[in-house]
Every structure is written in structure tokens, then in C-alpha cells.
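Read from first to last, the chains carry the letters A, B, C and D; within each, the first residue is number 1.
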Amino acid sequence: MNILTLLGSSRKDGNSDYLVKQALDRVDHTSMHLHDYQMNPIIDERHTEEGFTAVEDDYERVLKEFLNNDIIVFATPLYWFGMSGQMKIFFDRWSQYMRDPRFDFKESVKQKKAYVIITGNSPDPRISALPLVQQFKAIFDYIGMEFSDYIIGQANKPGEIQNDSFAMAKADLWNRQWK
Amino acid sequence: MNILTLLGSSRKDGNSDYLVKQALDRVDHTSMHLHDYQMNPIIDERHTEEGFTAVEDDYERVLKEFLNNDIIVFATPLYWFGMSGQMKIFFDRWSQYMRDPRFDFKESVKQKKAYVIITGNSPDPRISALPLVQQFKAIFDYIGMEFSDYIIGQANKPGEIQNDSFAMAKADLWNRQWK
Amino acid sequence: MNILTLLGSSRKDGNSDYLVKQALDRVDHTSMHLHDYQMNPIIDERHTEEGFTAVEDDYERVLKEFLNNDIIVFATPLYWFGMSGQMKIFFDRWSQYMRDPRFDFKESVKQKKAYVIITGNSPDPRISALPLVQQFKAIFDYIGMEFSDYIIGQANKPGEIQNDSFAMAKADLWNRQWK
Amino acid sequence: MNILTLLGSSRKDGNSDYLVKQALDRVDHTSMHLHDYQMNPIIDERHTEEGFTAVEDDYERVLKEFLNNDIIVFATPLYWFGMSGQMKIFFDRWSQYMRDPRFDFKESVKQKKAYVIITGNSPDPRISALPLVQQFKAIFDYIGMEFSDYIIGQANKPGEIQNDSFAMAKADLWNRQWK
């Protein structure tokens, strides 16, 4: 099983990254910070005659890694009660590439398992992140990907997540299962 | 009362735009397609010593319009069960500008009323858009803006929204109140 | 198409009843106030060897009407952010009767269409009733019943619902479709 | 700190009870099975002139224990994607007793901390129980009670919850904090 972590934060070494490191400690995996890649928002051309225009950015590099891995760990801070804009752009562009004959998108995603890590601070993310968990669920259901599990961690400043013993315990649980 | 419509779709003249036009028919207002403005994803520097770096893009033009209006109509198709990435970036950047002394962000938003228009197709957006409605509610609560009302319309191809007699009726109701 | 309205309020002629009357005006239908029937909470005996014990109350009269109709309008005030206890008991007992060979429960429900009317007051039920809408959706999905539409009305004292022009308009829309 | 567990299941020794036992192991507390008490659904007389009529059942015994404790652990299986009818009746009747001058309801609840345990089986309760978690949150917010934490456990037949290592770990965490 190949594991890819897609990190959606707009800074590095934050709390969602920390939980990812905990979960993947001494586990072989590929890690991508979405912020390191130039990804443009989608231009919706589903209903134009010529279909989608080719886009010149880094998206396909990220997409290829996504398609090449079996387990995907999506990690995002709770930004304004949703996933980060960077991560949202990643999903929005699917609308283009699931129609692109160069990729076997629809068949490939059905084999994948999704894990989600969300960190937030106040108001209590264990409640305020629930619509986001439901959104991830709807996304994965729509394309037939398994939503294996999720962690909601509570932290503000970098490093604080270590005080959330419950989130840490769950990351350990994932780690044991992958090691 | 000044009205601004923020259109989040990645194409023009789609179904969410149509509902906006219906609601604002013969009503004075300003209209901005987020897609026409270059807006970069946020770089989170809340916890770096120097604070946020100035960003060279069109964001401040959009923000100024937002701050100068009393009623904001947020219109977005349901993209992957959330608002469009373009619109999410608009909210994410708030984290920078609510700390920027050049803008009276926090006081200004408390006077505003928010209206939300969401259009989707399948699965039934009257259910699948509910986490997004909850996200908008959480956003507006967090900054103390009034969430006045929302419309969830069902349509796929451009123009189809006219068959959703209920969404159209609600847009008319808003229109009567603003005219 | 036979229509049954199941009224979950613990008083008569309240606001949810009013919306039901509006929606069913001059439409043939059967109407049951759950409060008029003695219905005991379920005793879960799914995992006892002998299975469920027969219960002496009015439940089967309500269930038979439910099974005999094609369209079911569930109407409940928002009590503590959920359906009324009376209506919850109605659903909970399904767990017994869907296993009862005297009834063709599972096949019968798949033909039915569900409409839901919820009324509440403060905080704004158009937001605070959304988890209840999601619960109804989950219930109907689970048994394969179609969730056709829902109305969320805002009112407090008896009669106030007439001021919610939007809820009234939607009830009229349903009425036109059924007449 | 006095702890009361309110068990909402309609059978004893099920999986939600098991998690409660784990969390309260060697911790002083009072335990009530709602099913052991005769509690009638509410009759809504908020808007009748004479107000609420006295009700002859066991409700006040349960209510007094509720009011006399500082920490309340609400445990319920996920019945039809909500709390059990028995537990819903417990909350619905609050509408009567928060107006009853014999009880200091409103002041008393503000001092309390709520913990919630939900167990379900399929579809995955970690997703399908989220509207119920949101309902509990809304209830506690409305009366000003702190929603300290929740556990969602996955199990079907009695005893199976022991295989949910994550739910068990969280119950242990609560236990350590209370011991």
C-alpha cells in the first residue's frame, strides 16, 4: 500500500503537519505540500463545446501522485470552517481531469482509501469542523473512494497539538496500523 | 442600503448568476465576478514575528468593495459540496486583512447582512448543500455578520434554474424587498 | 396517490399544523395526530433470542395507515433541535415492525415519497433545523424512501407562521402539485 | 464533582452502556436507565393561559438527579440517526420544567458539563451520528451548558464495542480524568 499525504496548510510545520508526522512516523510515504505547487482555480468549461482548455501549472504533478497512491491522507487546518483554499482548488480541478482521457481517474479513485486530518482552535473544532467532515464524506462517496477515518485536533500556535492527547492517540493508532 | 454581489462561479452566466440577476432585477447594486480578479491563496503568517507580508494581487480591490457595501450576496455553485475555490480564497484572506490597520474590518462587517445563493445539481443540493450553509453560518457568526437568508437552487446546464420554481420564487421575494 | 399527514406536535392547531393545512387545502388525504395515539418507546429486542414481544398500544393503527399511503407528510415543530419525542417514537418502533412478517414493511416503503414540514422560532430554524433535515434524509435513504422536499417555517405563537411568506409560498407550491 | 450517567438505550448492557462503564470505572457516580422510568411525551402548553398541567409520572425523579449533578454523561445508541425516543422525551419535557418555579432549572444547568456517548453500527456512525452531535451542541448552547466532549463508537451486537479501540481509548481518557 502506497501512502500519499496531501498537506493543505498555507504554512509548514503547523499543527496539522505535526499530526501527519505522528501518524506517518517511520512509515514509507510520499508527502506533498499543496502550497509548493502552482495550482490555478478551475475554469468551468463542462458545458462549452470544445471542453476544457489545457492549463499550464503544476496541477498534473500533484494529480499523478494522487492517482499513483492507494492511501491518501488529506491534512488541512480548519480555515473559516472549511478546508484551505489550496486544498479546495485541488478538488475543484478534479471536474476537469475526471473527463481527461489521459488519466484513468474514475477507476483509479475507487481503489483508494481516504484519511482526513483537520486541526482548528476556537470555536471547538470537534463541533465546528463537522460540516467539513460531512463535505469530505460527500466528496468521497461521490467518486466511490472509501473514507476510512478522520482526526479532528485542537491547537492554535505551532506545536500546541501535542497537548491534544486524544488526537495524538488516534494518530498513534493509525501509525501502528501502517507500520 | 448598498448591495454587492460576489459571484464565485468559474464561468459567467451560469445558474447561480441567473438567480442573482433575478434577485437584483432593477435593483441598484455592484456586481463582482471573483474570477475576474487575481487573488492568491493565503500564506498564513499569523504566528511569524513580522506578521503578514504585503501581497501583490487584486484582493484589496475586492475587499474594499466588500467593506463599502451593507448587503452582500454571496453566490456560488456547489463545487465538490463546498463553495468554489475562488470564493474560499476570498474568505481565507480575511485572516490577513482583519489584522491590517488600514482597514476597519472587524467593525465594518458587524453592520453587514449576508445573503447566500447556492446552486447544484445531483445529488439533490437541498440536502447536499446543507454543510455549506452551516459553514456560511459559522463564518458569519464568527465575525458578527447577520446571515439574513439563503437560496439553494437545483440546476445543471446553463438556464435550467428557471425550472426550479421554488428557488425562482425566493429570488423574487428578495427582489421585492430590495426594490 | 394517497396522502397521509403525520402530525408530530404535542398540541393541535399550531404552526406546523397550519402549514400542513395550507399544503393539503382541498386535497384528499388522511391526517393523524401522533399525540392522539398511545405509542410506547421501543424495547430493543433485536438481539434477544425470542425476538420482539407484542406490544399493546395504538402503534399498529398508525403503522397501517403509514403503510397504506403513497405520500407521507411528516410535520413536526423543532423541539430541542430535533423532531418531537412522539414522532421519534414512531420511527424507533420501525425497528420492530420491519422484522414483523405480518407487514410488508421493506417493500412497501420503497414506493413512498416523504415530505417534511418543520417549524421553529429562535435561533433561526432555517439554520438550526438543518441537522434534523439531515436526519430525515438519512432515515429515508436507509429504507429507500424518496425524500421529495421539505419546508422549514419560522413562527412562535399559534398563527404566526402566516407571516413567513416563504414557507407559505412553498406550501402553496406543494398544494398546486397535489390538487 | 458529582457525575450522573443518563442511559438512553431501550435495553441494558448494550454497547453504549459498556462505554459508560469503561469511562466511569471506579469513579463515584449515579446511573439512571431512562427506560426504567415512566416518562410521558410533553404536552405543549406554553401558549395556553393556565400554563402547564402537572404530570403524574417519574419525570421529576429523573429531573432532580439531573439538577443535582455537575457532570452529565448522556449515552444513547444511534436510533434512526438520532437519540433514542426515551432520551428525546427527557429533553422535550425541559420545556415544561424550565418554567416551573419549584426548580432552579436555568441557573442550575449553566454550571453543568455535558459528555455524550453515541454508539451505532452501519452506516459508519462516525459520519452518520454527526447531525446528532450537532443537535446535542445546539441543545447545550441554548441552555448555556458546556459540551465537554463526545465519543462515537461503532458496534452492533452486545459486546462488540470492545473492538473499537479508538472509542475505548477515549473512554479511558475520560476515566483517567475523573478518577
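FYI, a residue touches a chain if its C-beta (ideal position, glycine included) is under 8 Å from a C-beta of that chain, and two chains touch if they have at least 3 such contacts.
Note that this is a predicted model, so its numbers are computed, not measured.
Novice: Keeping to the contact definition above, tell me which chains border both subunit B and subunit C.
Specialist: Common contact partners of subunit B and subunit C, which must touch each of the two, are absent.
Novice: If I average the CA coordinates per chain, which chain comes out farthest from subunit A?
Specialist: The most distant chain relative to subunit A turns out to be C.
Novice: With chain centres defined as C-alpha means, what is the inter-centre distance between subunit C and subunit D in Å?
Specialist: 24
Novice: If you average the CA atoms of subunit B and of subunit D, how far apart do the two points sit, in angstrom?
Specialist: 38
Novice: Between subunit A and subunit D, what distance separates the C-alpha centroids? Give it in angstrom.
Specialist: Once rounded, the distance between the two centres reads 34 Å.
Novice: So which stretches of subunit D touch two or more other chains?
Specialist: 134
Novice: If you connect every pair of chains that touch, what shape comes out? Choose line, ring, star, complete or other.
Specialist: ring
Novice: Applying that definition of touch, give me each pair of chains that meets it.
Specialist: A-B, A-D, B-C, C-D
Novice: Considering only the defined contacts, which subunit D positions touch subunit C in the complex?
Specialist: Where subunit D meets subunit C, its residues are 9-11, 14, 35, 41-45, 47, 77, 79-86, 88-89, 91-92, 94-95, 123, 128, 131-132, 134-135, 138-139, 142, 157-158.
Novice: In their complex, what parts of subunit C are in touch with subunit B?
Specialist: 124, 126-127, 130, 133-134, 137, 147, 149-150, 165-166, 169-170, 173
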